[in-house]
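What follows is chain A paired twice: with chain B in the first complex and chain C in the second.
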Partner chain A sequence: MSVYEFRHTESPQAAADWTRRQIVMTDLRAVGGRAYPRINGMLREPSWVFFEILLPFLATSAFVFVYRALQAPPQYVGFVVLGGAMTAFWLSVVWMMASQLYWEKSQGNLELYFAAPMGFMAILFGMAVGGIVMTSMRAAVVLVVATVVYGVTFEIDQWFLLLLVFGLTLAALYGLGMILASLYLVWGREAFQMNQLLIEPVYFVSGLNFPVMNLGLVGALAIATIPLAVGLDAMRQLAFVGSPFPVGTPSVEVEIVILIAMSIGFVLAARVMLAALERRARRDGRLSIRWQ
Partner chain B sequence: MAVTASTVEQAVTPVAGLGSPEWGGFDPSRTEDRGSGETWRGFRAAVSLGWQMQANWTDPFLFFVYSVAKPVSAALILVVMLQIISGGNDPEYRSFVVVGSALWSLVMAGLAGLAWSVLDDRERFRMLKYTYVSPADFLIHLLGRGVAQVGVGAMGAIITIAIGIFVLGVPFDPAAVDWMGLTVVMVLGLASILAIGVMLAAVCLQTRQESWSYPDAVAGALFLVSGAVFPLAVLPLAVQWIGLVNPLAWWIQGVRTAMFPGGISSIGGTGSLWTDLTGSTAPDLTTTVVVLLVTGSLVTLAGTTIFRISERRARDRGLLDRTTGS
Partner chain C sequence: MSVPSGPPAIDVRGLRRAYDVKPTRVVALDGVDLEVPPGEFFGLLGPNGAGKTTLIKILTTLLLPSEGTARIFGFDVVEDVKRIRRIMNMVAGGEQSGYGILTVREQLWMFSQFYGLTRADGWRRVDELIEAVGMGPERLQRVSTLSTGQRQKMNFARGLLNDPWILFLDEPTLGLDVAAARSVRELVTAWKAAVPGRTVLLTTHYMAEADDLCERIAIVDHGRILAIGSPTELKKRVQRESIFRVELDHLDGGPATLAALPGVVSAAPAADEGGPADRQSVTLNLILEEDGALGGVVVALSRLGSHILALRKSEPSLEDVFVELVGRGFADEDGPAPAAFAPAPLVDDAHVDVA
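Right after this comes the complex of A and B.
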């Protein structure tokens, strides 16, 4: 029997008393429902192929040519290509996770989400799943095309570990996205400015185009706090085995532990923050306020 | 009420402000085009609106920090790349990348300002249709909003260059700067940036909410063919051709020539298409200005034409009041 099938109950209170299965199924449907427009939207407006794959590939190429102009060792071109692919996920976290609730508020959808009978974390998971599917396509194309065009040679000994690090990096990144999304719940126009602050400065401290420990203490702090920095550094160590990394670079094992801690910590923190900030937003009447 | 000679006289007399004529009827003079004065007023209002939307959400200091963080970080990424590879032994190239990345913040701001004006008004504030039917020309309104954003970008560019000079040791001699040439190049360059921004606004009129990231994507692609942070000579010849018809490449070359005479050229140099074609190592400032004028004019013409086509299509398909949450 479908969880949505009408069932006779003794009272409205009994109708509202959902079974565990109903709750889980509704949340899963919410995840699918929120991921659907992102995934299906890719097919409806093909212009994204040009704007979100070709142009970012050209942007990545610019940094490749900077290294070529400087006659840098070939592995640096590989560092840029890997960094360029991973920026897609960071941009997705900033634009499609963090600020999404702000857009939803502006468009009047947010109050509908809160009024609907599912957990809000399901909406955030749905946004993350849709964003990961959309963005993986872009990242994969940038990675493959740039690798072929610029003749990048990866030296990978441990494929499984590399895939594990990639998965953990995505989990940590989108977990952070959920935290930021909850913050954006109470922010107004500053949310948009915050996005600006979260792009180039984060690229810089995360070592987008170079091993992050070249930044010394700043790099170490980034590894401890920013999933993009630690994930990218671990992936570089695994994808370019034998390349020299700056003194003080943590081992891949240590970085995996950091990523696991971030993944769990960020999702739990997002849950707590979402509840707290939702309460505050309800109290201050900010859930339905727009355009301020 | 009987219509008298007095009420007819009032009807054709323009009334100051937005109030109705004293007799309460329709003032036909309001439908008349007031010419360039009205255009200028609409432009100023759009600049003011754009600036307030950008700046009045916080106190000036915080706004300043937000505005300069992006361009300064972009420059630092390149400076660190340079430091890692050359060990800081190439101060000339350091000034090359600092100036290029500082100027690029103007490009980012100009492109984003116009495109985001369309998206802001349509998706967030849902004002696009009202803006469109207001008496001010829609394109002039968008240009005004874009200019406000360029103002924010200029702040970032100036701070980045200042940090380059005072912190990163970029060699700079104010007495050696060709200030007149710099002014001319800046005016022509900013006009070209706005023209490209108009094209992007035209695209955003047709596309969805994900278009928020399009300015960054387009600017990133243009970055490759503008000689902002590396000389065009390192690109394949076919791509160098694209660079040579790109007004932004000439703008950046012009600014470098005016500010750092005798420095590294982003257009010419060994192995460059420019040197192959002309035999000269680098274009002089006059040549740069002439080519910038020609390429900038072509881009402006293309931008205006594309915008008008997009505008017609948007009206035809009802895109002006569409919202596209995804």
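Right after this comes the complex of A and C.
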């Protein structure tokens, strides 16, 4: 064997015939491979400390001061801090999941991903895993810094349930990101406008800085459709147990069911959409035509 | 080892691909038929917009054909997508793939994971290929800081990560300097020679590259294959006569003496002989009906007392073949060449008067 022959195969037909195990292991390795640049990239760009911690912290601070000026219950400061931390995940879903395939196409990566033998869902999972690891660190820093600076007191009885809700929220959020990524596969420059459309309105209807129940019917609709809204609502109920006023609705148990349904439904929908849209993109030539 | 028997490496039948580009429908491929046996280094030669890249996109499963069929080692590009992706790879010129924040080593390892190499095998394979492409000193350098040539070497290493049976090279030396282009060509040749049956499909509009590397070439224009053959066969298509350039110490009676000989189509002084102005020798361009007529010329010169100082046969180039087939040169891609930029003559000596 030489450097020019790494894995000897008798014929192209033999090389093309993979076992089930080979297929699964390739997909799993592809998840790790795609997550790698995100996790390592985070450690190589210290500028993120400024852009993704200081700026969200300042945005959170504005609401904190407003609530303090209005002499709102201290739990409201906690709501804002928790919402501020979760902001990072929504931004990650919009910019690093949904529109990521557009960037990948522009760079020429997309056609290499599709030309490789792994399932494309593995790439989306890799993007999600990398995004979750990277964003969790950022969100944790925002949460800790804001909690210390503004003296937020959390009252948590069920740590396990809180972590479960957090995990399910991320699963549902990134599942939604996979759906959006599939859609962006056939969209072009409209992706930028879509991103703008997805940020501020979703912040508002998700109740990022206030309990979403205050929005009435709109809040209920948000809880039924947007993972950020339902996840935040459940986490607030679990993180401020002793609150003298209702923190959220419906119950945490119901919201867990909603999150589980969203997680599974979004990932399955993304898989179906990806297959359909990949075929459409191959038909229209959109996998390789850049800047469109 | 021998070339594995089996279906052709590439088998294309009646392939057609049209794009809806408003307000018109652009036909990129218009009924292409092509068969490439396993183990061949095959070239697609044509100007920009000829349909080369469209054909590669279809063969690499990135684009669906509008009509017709295409198979890679017997696998259909529409139905057997995954199987094809397991045995092929592709490298394009000017490729900017990957992530600038990663090092060369990390970037290649990331791609190795997409082909199912284990973590350890991936790193080992990457290190071997980095050495093979001569990027040892740059292995820990960030991708964003690489020069064009270095980046293309890295791309080539990426293309070999999975030991493909068929490698698609789309203008792989585009934008490279002479040394880097030569290095890439040597790598391709060495890789292909290592295992019988490995097949390469190269698209290029560098004539010399196609001539140097390819066993057979298809000349493509406006979505159609105009001619297929080995470089020698293609050149023969445009060389209907034998053309020689001969330098003599003197020639009594002038070129007309030779022009009257049997088998000689024409004999004319070379327009630009070069050399010192006081040189006494005579340089002629001889056009013969066939190579065999040269014997009669040599005998006649001997009788005339002329000594042959130099004799060279002029060969047509692939560009001459292209001009003959298409009616324009590569530089004139938008239509027939205007008179002021008429196609080059059919031989590589530009000053030979073929009329």
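Annotations
Everything below uses one rule, namely that the second predicted complex is superposed on the first by the 276 of 292 C-alpha atoms of A that agree within 3 Å, B and C clash if a C-alpha of one lies under 4 Å from a C-alpha of the other, contacts with A are read in each partner's own complex, and residues count from 1 in each chain.
Heads up, the rule we're going with is that a contact is a pair of C-beta atoms (placed from the backbone, for glycine too) under 8 Å apart; a residue touches a chain by one contact, two chains touch by 3 or more.
Quick caveat, the model's predicted, so the values are computed rather than measured.
When the shared chain is aligned, chain B comes close enough to touch A:Q196, but chain C does not. Legend: residue contacts after superposition of the two complexes on their common chain; A:G265 is shown touching neither chain B nor chain C.
By the touch criterion defined above, A:N214 reaches chain B but does not reach chain C.
In the superposed model, A:P74 makes contact with neither chain B nor chain C. Contacts of A:S61 after superposition: chain B is touched, whereas chain C is not reached.
With both structures placed on the common chain, the touch criterion links A:N109 to chain B and to chain C. Of the two partner chains, both chain B and chain C are touched by A:G41. Chain A residues in contact with chain B (one complex) as well as with chain C (other complex) are 37, 41, 45, 107, 109. Per the touch definition, chain A reaches chain B in the complex via residues 37-38, 41, 45, 47-48, 51-52, 54-56, 58-59, 61-63, 65-72, 76, 91, 95-96, 103-104, 106-107, 109, 188-190, 193, 196-197, 199-201, 203-204, 208-210, 214-215, 291. Listing the residues of chain B that touch chain A in their complex gives 53, 57-58, 63, 66, 69-71, 73-74, 76-78, 80-86, 93, 97, 123-125, 207-214, 216-221, 223-224, 228-231, 234-235, 323, 325-326.
Those residues of chain A lying in contact with chain C across their complex are 2-13, 15-18, 22, 25-26, 29-30, 32-34, 36-37, 40-41, 44-45, 107-109, 111-118, 279, 282-285, 287-288.
Remark: chain C residues 4, 6, 9, 19-20, 38, 57, 60-64, 73-75, 80, 82-90, 92, 95-99, 101-102, 106, 109-119, 122, 125, 128-129, 131-132, 158, 160-163, 165-166, 190-191, 194-195, 197 touch chain A in the complex.
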